[in-house]
Amino acid sequence: MLNFRTDLATERRDLYQKANNIENQIDGLESQKEVDENIKIERVKITNENGEKAIGKPMGNYITIDIKKLKIAQDEELKKASETLANELRKIIDEHIDKKGEILVVGLGNIYVTPDALGPKVINNIEVTRHIINYLPQYVKEGTRMVSAISPGVLGTTGIETLEILKGIVDNINPKLVIVIDALASRSIERISSTIQISDTGIVPGAGVGNTRAELSIKTLGIPVIAIGIPTVVETAVLVNDSLDLFITKLQEEAKSNDYLNQLKAEDNYEEIREALDPNDYNLIVTPKEIDELIENMATVVSGGINNAV
Amino acid sequence: MLNFRTDLATERRDLYQKANNIENQIDGLESQKEVDENIKIERVKITNENGEKAIGKPMGNYITIDIKKLKIAQDEELKKASETLANELRKIIDEHIDKKGEILVVGLGNIYVTPDALGPKVINNIEVTRHIINYLPQYVKEGTRMVSAISPGVLGTTGIETLEILKGIVDNINPKLVIVIDALASRSIERISSTIQISDTGIVPGAGVGNTRAELSIKTLGIPVIAIGIPTVVETAVLVNDSLDLFITKLQEEAKSNDYLNQLKAEDNYEEIREALDPNDYNLIVTPKEIDELIENMATVVSGGINNAV
Amino acid sequence: MLNFRTDLATERRDLYQKANNIENQIDGLESQKEVDENIKIERVKITNENGEKAIGKPMGNYITIDIKKLKIAQDEELKKASETLANELRKIIDEHIDKKGEILVVGLGNIYVTPDALGPKVINNIEVTRHIINYLPQYVKEGTRMVSAISPGVLGTTGIETLEILKGIVDNINPKLVIVIDALASRSIERISSTIQISDTGIVPGAGVGNTRAELSIKTLGIPVIAIGIPTVVETAVLVNDSLDLFITKLQEEAKSNDYLNQLKAEDNYEEIREALDPNDYNLIVTPKEIDELIENMATVVSGGINNAV
Amino acid sequence: MLNFRTDLATERRDLYQKANNIENQIDGLESQKEVDENIKIERVKITNENGEKAIGKPMGNYITIDIKKLKIAQDEELKKASETLANELRKIIDEHIDKKGEILVVGLGNIYVTPDALGPKVINNIEVTRHIINYLPQYVKEGTRMVSAISPGVLGTTGIETLEILKGIVDNINPKLVIVIDALASRSIERISSTIQISDTGIVPGAGVGNTRAELSIKTLGIPVIAIGIPTVVETAVLVNDSLDLFITKLQEEAKSNDYLNQLKAEDNYEEIREALDPNDYNLIVTPKEIDELIENMATVVSGGINNAV
């Protein structure tokens, strides 16, 4: 399998197609695009084992929503992005549980580390109903879905695996479905805080930053896990690898390139670059300067989307 | 039983003695004082059912540490307060588990509400070791105690009772003892963020603000629960009741008082005052203007104290 | 003059009327009320020296906007409050400068002290145009007013009087009018973060909390100063004084009162209460427990109101 | 002149030497190194016009302090770094004013943008004395230096040039020297929040990120300006340019390189890379993922250093 270094199924599909010179649809993968002015939706479905092997993800749905210029987005655009997310989320939830099935929303990450604070910030804005239905049922409409929310913290602060915390809570309060929000590593700085991936196959926290934790999925928690992932950081080696392509393209345009450079561009040089940067302490994980605002905007979009969908 | 409106055992003992005109020790209660320059320690032990009834708390240890002028405390004084807390905490932990017994530290409260943010802030500074002992045992000294920490959020934000969250986690990771940090309501504005109560009989979150939640104790969690409570808010009616005493004292000194006022002072007028204020939306829960700094200082004292003790 | 202990002209007028048993309009004071569902507007105008003496404020306009239940206000209500503020503000600005006159918005207070953070938070949301008009005039509509904004900090952090900082800036950039936002002390806990006072006679920062700083007004800055003041804290003695009235009223209703108590109620006991509390370190300045959320909501209302008005 | 894209005089000197194949000292430049375990000090002095031209900085002192592993630094190491800064700062201040000369400390930047929040955070911890000396001289020792501090905000939020704000304040309160703290762009991600440059020739805010503002210096403010600059961000093109060198070095070691690559490495490809990345919106300004903690640690070091030095 390729070392994809991305959690986004669409990026993996593109990389797989490039690596194998495939132009048509891959067997076991269905995909569909929808493009609006500032919002692009792409739905990838892995339908069989061949698709699983090709892009190294389990069978299920993977939806990518791209929002252009989130950094300078106005209230109206944030609202529209929120509605798009709500629509996709609603469909995917309905595939797994009925309208009254209880949902637990989980915000992974660390509130004190800006690019990792998305999950906890979303949780703070989720409209929870579980306690009202339990203690003050007269204040909610008949048929309201039970929603609860938790931000369990990170292993470095708690000393406890997120799975251990969630397993205990899920066993105790018995929701029918879990929605997990997590900050991802991206293969591309463009996607940072402007792409949302929804999938119904769970999540491996920290996978994108080489700090893999125990999987959160139906296998480990016993109920379906919908993951909402948003790239917020990128590894320097990834950044350099992609920039190198752009740089060589420019040299080619200027007829300054040569066979060796052309070959460099045709290949994926990530591993070599990483090996060059690592010993020099150069391969940091970075985030855009404007990450505070991007996280605020994204938290508004995601919490709004979840509140509407559930 | 009196309506004590305080979680501090020492305040309850004083109120009980006043209400019953008792000057000597109460049967079933042992107490002991230690006074240093800026720090006062008082240890109350409830030894039998009579003591339990008198002050409405279960048998066990209740230690109160008062720190004068915490608001303007310098690093040195905060350090000393931390050490005092560590000493008391160490003794009380040793009464329940051995030196290697695993401890889970729980910070109750809401990080987004300043006077309620103490618990989550303390958790952020606890030196957790559980994950290191599990994954990188070579990096810790032989015999290091396993410590983990969690900040479970509040019912209004999560929709889940704190007990439900903790029960799940405790059953899953099996610590031997829980330390819970909670912000309390005080009977006196002087004590706000300058008093620490340690007890080994558990805690009823929210009890002080009339928003009682399920008890966290050996009865509900199955393991001993040491509670560290710090007053951070006070009800207006409590404030007025105490101020009324001071006001009447002043009138008495000026020979302006009369029998009725003297009688008012001898009684506890809290209920009457509360009934006068409530319908006017006047009985708010308040906190000092400087609460941000008080909470920071107190979080430093408590996290330092716990880290030293465990 | 009475010791009013309030910066609100309407409260001073009421106190003056009570103290002097005046039921009709006071000479030199005009006032007018407008009541909507959740919003109450009261406009007081001091028209001559007699009015000035009566309530101890200079001639000019004093408008009080009361917003009920700001703490639980939804977006819609916040928007409406914002529009009310914008309307009043627009009228009062138009009395002093023309549509193109440059405005400097000043947010007093300390971002690190929650009840004092309103000014800096408002500044962060002001839509400034001065630099765009100066450097990128093509991006703004012809006729756009120049707006700039500053949050100068507090004396305890800067070591510099706010007047010294503002005098320097005003002399250098030459605006035509200053709008100052300040957190006030209130005479009543009900008004905390639910009342806005607009006046066009300037401000004495810190006056409400007995920490008077140099006046910001046309006298000291040379240009008109519109002050937007919002009560965010209250002194304990004030709280007790008002509560005492409610308590005695209740005793009277229960026929438990007596001549002396009735007389106590007729009088203003603030000074006596303050003298009783001060030596006991009991006369703290307090704020409601929910101050974080109140400040957020109020900052939304005030910044929205200013942006609309200018 | 070279396009140095760095504000650090030591980096410029190295780049100049490389570009001109100079191995010895440059005429007009004196430099001196001091290396301790974790702290490296380098002092560069530009002594004549030749030196000025060579590295494009005015005559004066430029001191660079490098702190290794600031991210994981413990209290002890932070304290030591603080003392090193204090020593260097004390010497450079003494060259310009006497022991009693009043100092204004200015923290540039935006408190709401993490990598730009260093200045405001430092200001919050400066021990100001000016107001105490003015109002309560009995509380300070005879001979205490007047210190004041301000965080003026950024052009995008205030609409006012920093120079305009400071000019007004300096003219009004008449300090003898200004210390300005600013976040810089670095030529190298290693230096982010681990290098401090002290210079006595003023500062051009925003110069490192292509957003040049009016110079703050003795020329514009009329008094000496000591600048404390700390790199907190880096441009992607800079990052790629440096990484490319490391990558080609690795290819050379593996004998995979060729003449063209060797030549690429010998040259500075920043301009070409920037031109390749810019049209693809790829040339973002980035910061390490751990920037929150780096800024906290650096604010502790800088405020401690200034407090000790003044």
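Odds and ends about this structure:
Order of writing sets the chain letters: A, B, C and D. Residues in each chain are counted from 1.
Here is the rule we use: a contact is a pair of C-beta atoms (placed from the backbone, for glycine too) under 8 Å apart; a residue touches a chain by one contact, two chains touch by 3 or more.
Remember, predicted model here, so these are calculated numbers, not experimental data.
Chain centres here are C-alpha means, and the one lying farthest from subunit C is A.
Between the Cα centres of subunit A and subunit C there is a gap of 46 Å.
Averaged C-alpha coordinates put the centre of subunit A at 36 Å from the centre of subunit D.
Taking each chain's centre as the mean of its C-alpha atoms, subunit C lies 41 Å from subunit D.
Within subunit C, contacts with two or more other chains are made by residues 112.
Because contacts link each chain to exactly two others and close back on themselves, their graph is best described as a ring.
Subunit B makes touch with subunit C in their complex at residues 112-116, 189-190, 233, 236-237, 239-240, 242-244, 246-247, 249-251, 258, 260-261, 269, 272-273, 275-277, 280-282, 284-293. Across the complex, subunit B is touched by residues 111-112, 123-124, 128-132, 146-153, 155-161, 164-165, 167-173 of subunit A.
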